[in-house]
Structures are given as structure tokens and as C-alpha cells.
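The structure under discussion is supplied below as C-alpha cells; questions concerning it will follow.
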Amino acid sequence: MKRKLLTLLSVSLSTLVMAQSVTVEFWHTFGDPKRGGWIQAKADAFNKANPNIKVVPTFKGSYPDIMQAATLAARQGKPPALVQMYEIGSQFALDSGIFQPVGNVGPIDTADYIKPVLNYYTINGKVNSIPFNSSSPVLYFNKDLMKKAGLDPAKPPMTFGELTAACGKIAAANLGVKCFGMSLNGWFFEQWMAEQGALLANNGNGRKGRATEVLLTSEPAKRIVSWLKDMNDKGYYTYTGKLEDWDGSDAIFTDAKVVFHITSTADIVNINDAAKKTGFEMGVGFLPIPDGVKRNGVVIGGASLWITKGIPKEQAEAALKFALYMTNTDNMAEWHKLTGYYPVRLSSIELLKKEGWLNAQAPQLVAFNQLLETIPNEATAGALIGPFQQVRRIVEETIQKVFSGASVDAALSEAKTRADAALKEYNASVK
Amino acid sequence: MARRVLRIALVHLILILAVLLVGFPLIFALIKATQTGSAVNSANLIPSTHLWDNLLSAWNGAKLGLYIRNSFVVAVGITVLKVVTSALAAMALVYFRIPAKGLLFTLILLTLMLPSDLLVVALFDLVNKLGWANTYQAIILPFAASATGIFLLRQHFMNVPPSLLDAARIDGAGPFRFLFAVLIPLSWNTIGALTLIQFIYGWEQYLWPLIIIRDSSHQVIQVGLKSLIGQASGQTDWGMVMAGTLVAILPPIVMFTLLGRQFSRGFILSESK
Amino acid sequence: MNAIAVFKNRWLAFLMLLPTLVVLGLFLYYPALETLRLSLYRANFVFQTETFVGLAQFQQLLTDPAYYQSLLQTVIFCALVVFLGLAFGLSLAILANQPIHGAAVYRSLLLYPYALSPAIAGTLWLFMFNPEVGLVNNILRTLFGIAPRWLDNPILAFTLVVFAAVWKNIGYNLAFYTAALQNLPGELLEAAALDGATPWQRFRYVTLPLLSPITFFLFFVNLTYAVFDTFSLVDILTAGGPTLGKTGITTFLIYRVYQDGFQNFQTGFAAAQAILMLIMVGGITVLQFRVGRRVNYGA
């Protein structure tokens, strides 16, 4: 009898503990063992250290998939507490009304974040989400092929003109490879706008007020598209033909079929490994920019962590606690080493320097400098556009049209009409 | 005689070519599953030694064991229900005198034109109202009926020799005895073929389970497999993806092997009686 | 049709139909009606906003040249996929049903692509047709010194998607035709042979008509496959591109629906497109049924 009572007691005690524990569902987009596994490991460590919190990370497909699933769940009244959302989904996430600014949940030490990163995720003076995986585009080059063409790998091209000239030399050297092979991707267009200090959308890139116009017919926009057309017409440029084909263009570079490549800093580790396997030495340089403009800097890419609205306060706080834990100084440094994504904290960079990870030869250093030298302003804070994915797609299609013979001016003005219409349609559908 | 030999050789030649062309992407996948790193995404056709590593990381990374079990439950559930509901409906349509039969059959066939992927939002709200989110029935019951199945079985039943019917009538057999004692034994081939098609249909579910299933203990293989493919930018380990693919297509291939005979005999659709 | 109806218990018949009717009604017809309703609203799924706009979205679609281009592309694509799919399926089935050794082995080897999910099938093709490092261009470069940019040239990209789609479904068609061929009444063919009909005549005037019910069924299945199920293949292989004229050459109607509905969350707009698609496919179905009834379609 006594024993029974005791069991009963312990059962009720354990249910008591259970009742107090908080579950944090975390929906993310990294299903691969490397990154998804890292997130799971961090959740396990966190759960161990915080017995009253249970973080459950789940892969939920692509970013649009996550957005859809989170919205449906919110409609059910049971949203996940923590959601990973890509940077261009920020305005959309904000408009969805299913999230709350993380600043409202608890204190965040904003001083420790790299400025351009923080700028991106600060909207209307409020920090809306915790920066997580962050990156920007850089130039990758094949040092061996450069040498063969008589180019100096220590001085990679810094401008469009220099890159075109280098391509001329490579073509002349008859190496049997193409010169330049980035994926056809609206992201790079956006970066080149920011590098020229140009806005992508009106109303201060949508940060002073809701954007109503996409500035696709500006001089900086024409400069970018004209250059790409020139590179393609001269036969210097190659890509798989599929839009945003990251893997296809990486493969072209790592198989030493092009000399220059532009892609995310997040790929530094992988591309470096692949280059070694193929048997060439890879270099990393600043993103080349249009000639005759002052380098303004890049916009942060990647994703951040959002906390949903309408969940119990303890749950939101637990979510924030985990988000801050996963992105703390040590973890961000570890994440960076694992993937190549920026450690978005100044303290993490310090740590990496102290560890000797960021020595003068490290390709990552270039990427850091590019980010740290970025001038904080509206252009580099990045545009807030609701239908960003649509606009990006319109830009990509426009470049394809120009490749197949359309005039730059006509194509861009048609693109602007389409993008503005998409924006109008979107703005009309917001509550 | 020589002409006949030549003809047979030619048929073999064409078939071998066809098999090579049609089967090549699969052979390609098999080779890629043995490679690692950048070799995978290249023209390199030399098998490497990483098959086991790739299999292992796919198995663990995408929880293949768990997801394959779930997919199996779902695919079998869908298949069994579809076959049962189809057999019942087809029998009602063929052997019973009911009003508006033509209209009913048309309404059933029209659902072939309503792909559930397009209707996902409305479906989600409905399934939630039923309280099924996160359960097996959420990914099984919405697919428990099949216009294809009814169509095929109806065709088959209509071709059952009338003499058997008369025999059954003389015996005074009830509808269910007729179904189990006469129709089903005559329909194994069609049922086998149907089973195969529906199993593969159930096995390939992706969008709906992704949305409606929240906890991974009920998630299916296609979602697990897709999770191996990178989302942000190119960091996908394609060798691992191909290894995962090879595991994921094993059950359908086993089904093909088991039901291949039925499958190739199962569709008597001629009008001859 | 009622000639063989032997049982008279209406209630029992109704009960037997009930599971099917409930499932189809609840999980297909009801959501379809909901979709019809949504097509009249400017609705955003995420914001949960709905503004009644009447037929404005239909008007927008029907006055958009890009939509017509997409429609035309879809029609050509479907025609090619259905025709080539059936033609290859039947030819291979005839070959693989010749009385030769190993016919069954050939048949099962030809079936396997059907077991691949469309996403993986798309990925494999993408690998092989990468212009710089893909296997196909490596071979072409060695043999002929050419390396086309497959996915960048509208004609090539379109052709590639057609063949990928046909390839993916070839096993299915082959299996159905095999079944039909093996069940052909031998007497008729023998009689024709005795009458002195050439092999081609026997095929054209005996085999082909006898196969028409299965062709009718496969037409149906392949059409819905081409219209609705090729989405993930296209998404992975070309992502709707490359751009030609007003839109991407492989931006088929279903791809637009997914883009607007699931990436841009314009639920109402996507619903309007879905309704237009249903009307069109429904129209073809009715037409096909008329034709089907004429070509000795069973009972």
C-alpha cells in the first residue's frame, strides 16, 4: 500500500514537473545532416542545461513551405514558437501578423551584432528577429587558371571593367574554359544596387514607409544589366540556364570549367574542399562592382529567427532563450567553421581571431572585411518588399530576355511595370 | 530462317538500346551514390567507394528508417482502402440496378480532374476541423477512394463471363458471396495491378504530409528525402541524396517485382465479352 | 449498361458506394467548391484577407498575353507528352512482347523509372545536362566538339522537359499496353493473317482498334499527368525558364498556379487559375468521352 502511494506520489510529482516544462517547436529549413544535425545537437545541449524547456527542431521544407506551414498552424491556434525565415521574407513575415518583435519578448544585446546585419533586421526601430545564418556574395577565383592566363592571383578583379579585361586575357590564352560562371540570380543584382548606393525600392528602400515602386529603371540598374549582357555576348559568361541554380554553377567552378565565380560566402568551406579535390587552389575576393562608383558595401543575406505571437509568455521567453543560446558567441563561431556562414557577433569574430582561425591567408577574412567595410545606410540595410521573391524572379527573367536579344532599356522598363504591379497587388491584399 | 534470326537480333538490339536509354538515369544515380564531394555533380562515371558512408549519413540524416516505416503504413493504408472502396463501388455500379448510375459514374470519374495538390488549403482547414492533424488518417483517409480503381474494376467486372453470373443467380448467392466467391478470385490480376499503382501513388506523397504532419514520428519518406536537398544555397551532398534515393525506391521496386505478373495481366480493357 | 445488373437491393448498392462518395465528396468536391468561391476573392492565404472582386481575376488572366503564352505552351507540351508517351509506350510494349528470350527482363527494366519520385528524376536530368560539367555535353564535346546550353536555349529546354516527362511515365504506359497486348484475342489476328493481311495491316486494322479502350484510358491518365503532375519535375529541371517572349517557355499553367499560390500566397488568384484549368481539362474530358464512346469503348 505504502509502495503504491509512493508510486502515485512520484507519478503526480513527475506530472507536476511535466506541467511546468515548456515545449518550444522550432521550424527550420536545414534538413541536411550537417546543418540540421548541428541544430539538433544545440537543441539537445540546451535541453540538458534547461530541464524545464524542451526545444524540438523540425525541418519544414523551403522557406515558402515554412511560411505556409507556420500560417496554417497559427490559424489552428498552435503555431510553432520559433521559425526560421529568409531575409527577403522579412516584410512578408511582418505583414503576416503571426510574429512579434523579439525585442518585445526580452532584452537583446544589440551592441554585439555586426552593424549591417542588425540594420537589416531592425524595422521601424525595432529588432524583429534574431540574426542566424548570414552571408553575402564574394568573388571566387581559380588561382591556377589565372596564372596560366598570365593574370596575378594576388590581384583579383575588383570592378566590372577589370573582370571583363581579365576575361579578355583568358579568352586569348585559349585554355578551353569559360571565364565567368555565377548562377543567374536576382540576389547578385540586389547586391550590386547596394554597392552603388542605389535603392531597390522607393520610400527609403521601403524602410521609411511601405514601398510602392521598384526602382528597376535607374542608371545603376542599367549598368548592371548592360555589363552582364556584354559578358554574355562576348562569350565570357556561362551558366546552366536554370534560374538560381546554385549547385549547377558551383559544379562548373569546382570542376575548373570557369576561372571566376560569384556565390555566397556560405559556400567557402565546401568550395574550398571541392577545389582541393579537383586539384586547384581557390582564392576569394571582394565582389567586383561597376567602374567609377564608390564601394558602398553589401546587404546581408541569409535568414533570421522569428518568434510567433499568441503563444504563452513562458514559451516565447523560452524560444528567445534558445535562439540566443544557439547564436551565442561560441556557437556562432562553431557554426561559421562548419558552414562558412558569417558569425554575426563581434565577440565571435574576436574569438575566431584569437583562435587563429582568421589568419591573414584565410579566405574567410576577405568576406569579413567586405562586410565590416560596408557603409551603414538605406541601400545596404536592404530593401523591404512584400513580394520580394516575385520581384527577384522578374529581375532574373529580365536578364534572360536581355541575353536573348532584348534591349536593356526596354526590358528594364517592362520589368518595372511588372514589379510595380506585383507590389500594388500585394499592398492591396495586406490587412 | 536467316531473316528470322536477323529480325530477332534487331529486336534485341533495339530493346537493349531502349533499356540503356530509359534505365540510364537510374544507373547514373547508382554510380553517383558511390561518389563524394564535387565528383557527384560532374560527368565522372567511375564508381567510387563511398556508397556505405553515403547510405549511412542518408539513413541517419533523413531518419530513413522511421520515415520508410511511416511511408509503408501510409502507402499500404491508402492502397488497401482504395482497393476495397473501389471494388465495392465498381460492383454496385455494374451489378446493381440503381438510379442515376451514369451520373454517379461521371461524378466519380471527374475527380480525376481534381488534383488534391491544388486544393490543399481548403483540405487543410477541413482536416483540422476533423481534428486529424498529425495523424496517419490525415494522410490516408483523404485518398481512400480512387476513380482510377473504380474505372478499372468496373471494366473488369463487365467482362466477367455472363455464364458465371447465371450460375451465381441459380445458386441464389447473395451479393457479398458473389463478390468474394466469384468476382475477387477472378480479379486478382486487376487488383494486383491496382495495388501496385496505388502503392506508388501513396509512396510518392510529398506536399500534403509536409503541411499536415508536424511531428516527425509520423512523417513520410519523400519529405525526409527532400530534406537532404539544400534549401539556401549549394551545399547539398548529392552523393548522400542519391544513396537515400536508392533506399527510397527499393519498396516500389520490390512491389514491381512481386506484382509484375499481375501488373502486366491486370488490364483487360477490351470490349469483347 | 444495365443489362447485367442482377441485384436489386438499392440500399445495399448505395451502402457500397457510400465510402467512395463520402471520400470523394468530402476531400475533393468540397475543397473544389471552396476553391471556386476563393476565385472570386482577392485573397491572401497568409494575411487571411479576402476582398470580393467578382470575376476581376478571371478578366485579368484572360487579358494577360503571358497567360495565353503559358496556355499555348501547356497545350503543346501536353500534346507531345501524351502522344510521345503513348507512342513510345506502345512501340516498346510491342517489341518487349515478341516471343524472344528475356522479354520479361526487358519489360521490368523498362518499368523502373516509374518508381523514381519526380523531384529526383528532375535532379538526375539536371546533373546530366549541365552545359559545362554534365555528362551529355562531355560526350557531345568529345564526339562533335559542341556543348549546347540545354536549359538556356528555349527550344532545347522545352524539348528536354518533354523528354524527361515522357521518360518518367514510360514504364506506366508500357505496362498497360503490355497487359492489353497479352490479352488480345488471338483468333482475330490469326484470321486476319489467313486473309493475307500484312503485319502492318494487321496492326493498323486489328490490333490498334482492339487497343482503343486502353488507349482511351491511358490518354486520360497521361493527360492529367502532363497537366498536373509534372510540376516538381519542371521546378527542379528548369524552374519554369528560360524566358521567351512574355514568360518562361516551361512555365506551364500548373507551374504558375504553384508560383502564385504557394510562393506568392495569392490564394484567390491561384484559385481562379485552378478553376480555369479545371474547366479546360473538364472540356477535354467531355470531348474525349464523346469520342471514346464512338471508338468501341467497352459496354
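Here the chain labels run A, B and C in written order, and each chain numbers its own residues starting at 1.
Basically, contacts are C-beta pairs under 8 Å (C-beta built on N, C-alpha and C of every residue); 3 or more make two chains touch, one makes a residue touch a chain.
Source: prediction; values computed, not measured.
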Graph class of chain-chain contacts, one of line, ring, star, complete, other: complete
Chain pair, B-C or A-C, that carries the greater number of C-beta contacts: B-C
Cα-centroid distance, chain A relative to chain B, in whole angstrom: 38
Between chain B and chain C, centroid-to-centroid distance (C-alpha), Å: 16
Euclidean distance of C-alpha centroids - chain A vs chain C, Å: 37
Where chain B touches two or more other chains at once, by residue number: 41-42, 226, 229, 238
Sites on chain C at which at least two other chains make contact: 45, 130, 133
Of all residues in chain A, the ones touching two or more other chains: 68, 75, 248, 251, 255
Touch list for chain A against partner chain C, complex: 64, 67-68, 71, 75, 92, 95-98, 178, 181, 238-245, 248, 251-252, 255, 257-258, 387, 389-390, 393, 397, 400-401, 403-404, 422, 425-426, 428-431
Footprint of chain A on chain B - complex, ascending: 37-39, 41-42, 57, 60-62, 124-125, 128, 133, 210-211, 214-216, 223-224, 226-238, 240
Chain B to chain C touching residues, read off their complex: 8, 11-12, 14-15, 18-19, 22-23, 25-26, 28-29, 32, 40-43, 45, 84-86, 88-89, 91-99, 101-102, 104, 107-119, 121-123, 126, 141-145, 147-148, 150-152, 155, 158-159, 162, 165, 168-169, 175, 193, 197, 200, 204, 206, 222, 225-226, 229, 238, 241, 245, 248-249, 252-253, 256-257, 260, 263-272
Sites on chain A touched by chain B in the complex: 25, 29-37, 56, 58-63, 65, 68-69, 72-73, 75-76, 80, 86, 133, 135, 246-251, 254-255, 263-264, 266-267, 270, 273-274, 277-278, 302-303, 339
Contact set on chain C toward chain B in their complex: 1-2, 4-10, 12-14, 16-17, 19-21, 23-24, 26-32, 34-35, 38, 45, 92, 95-96, 98, 100, 102, 104, 106-121, 123-125, 127-128, 130, 133-135, 137-138, 167, 170-172, 175-176, 178-180, 182-185, 210, 213-214, 217, 220-221, 224, 228-229, 231-232, 257, 261, 267, 274, 277-278, 281-282, 285, 296-299
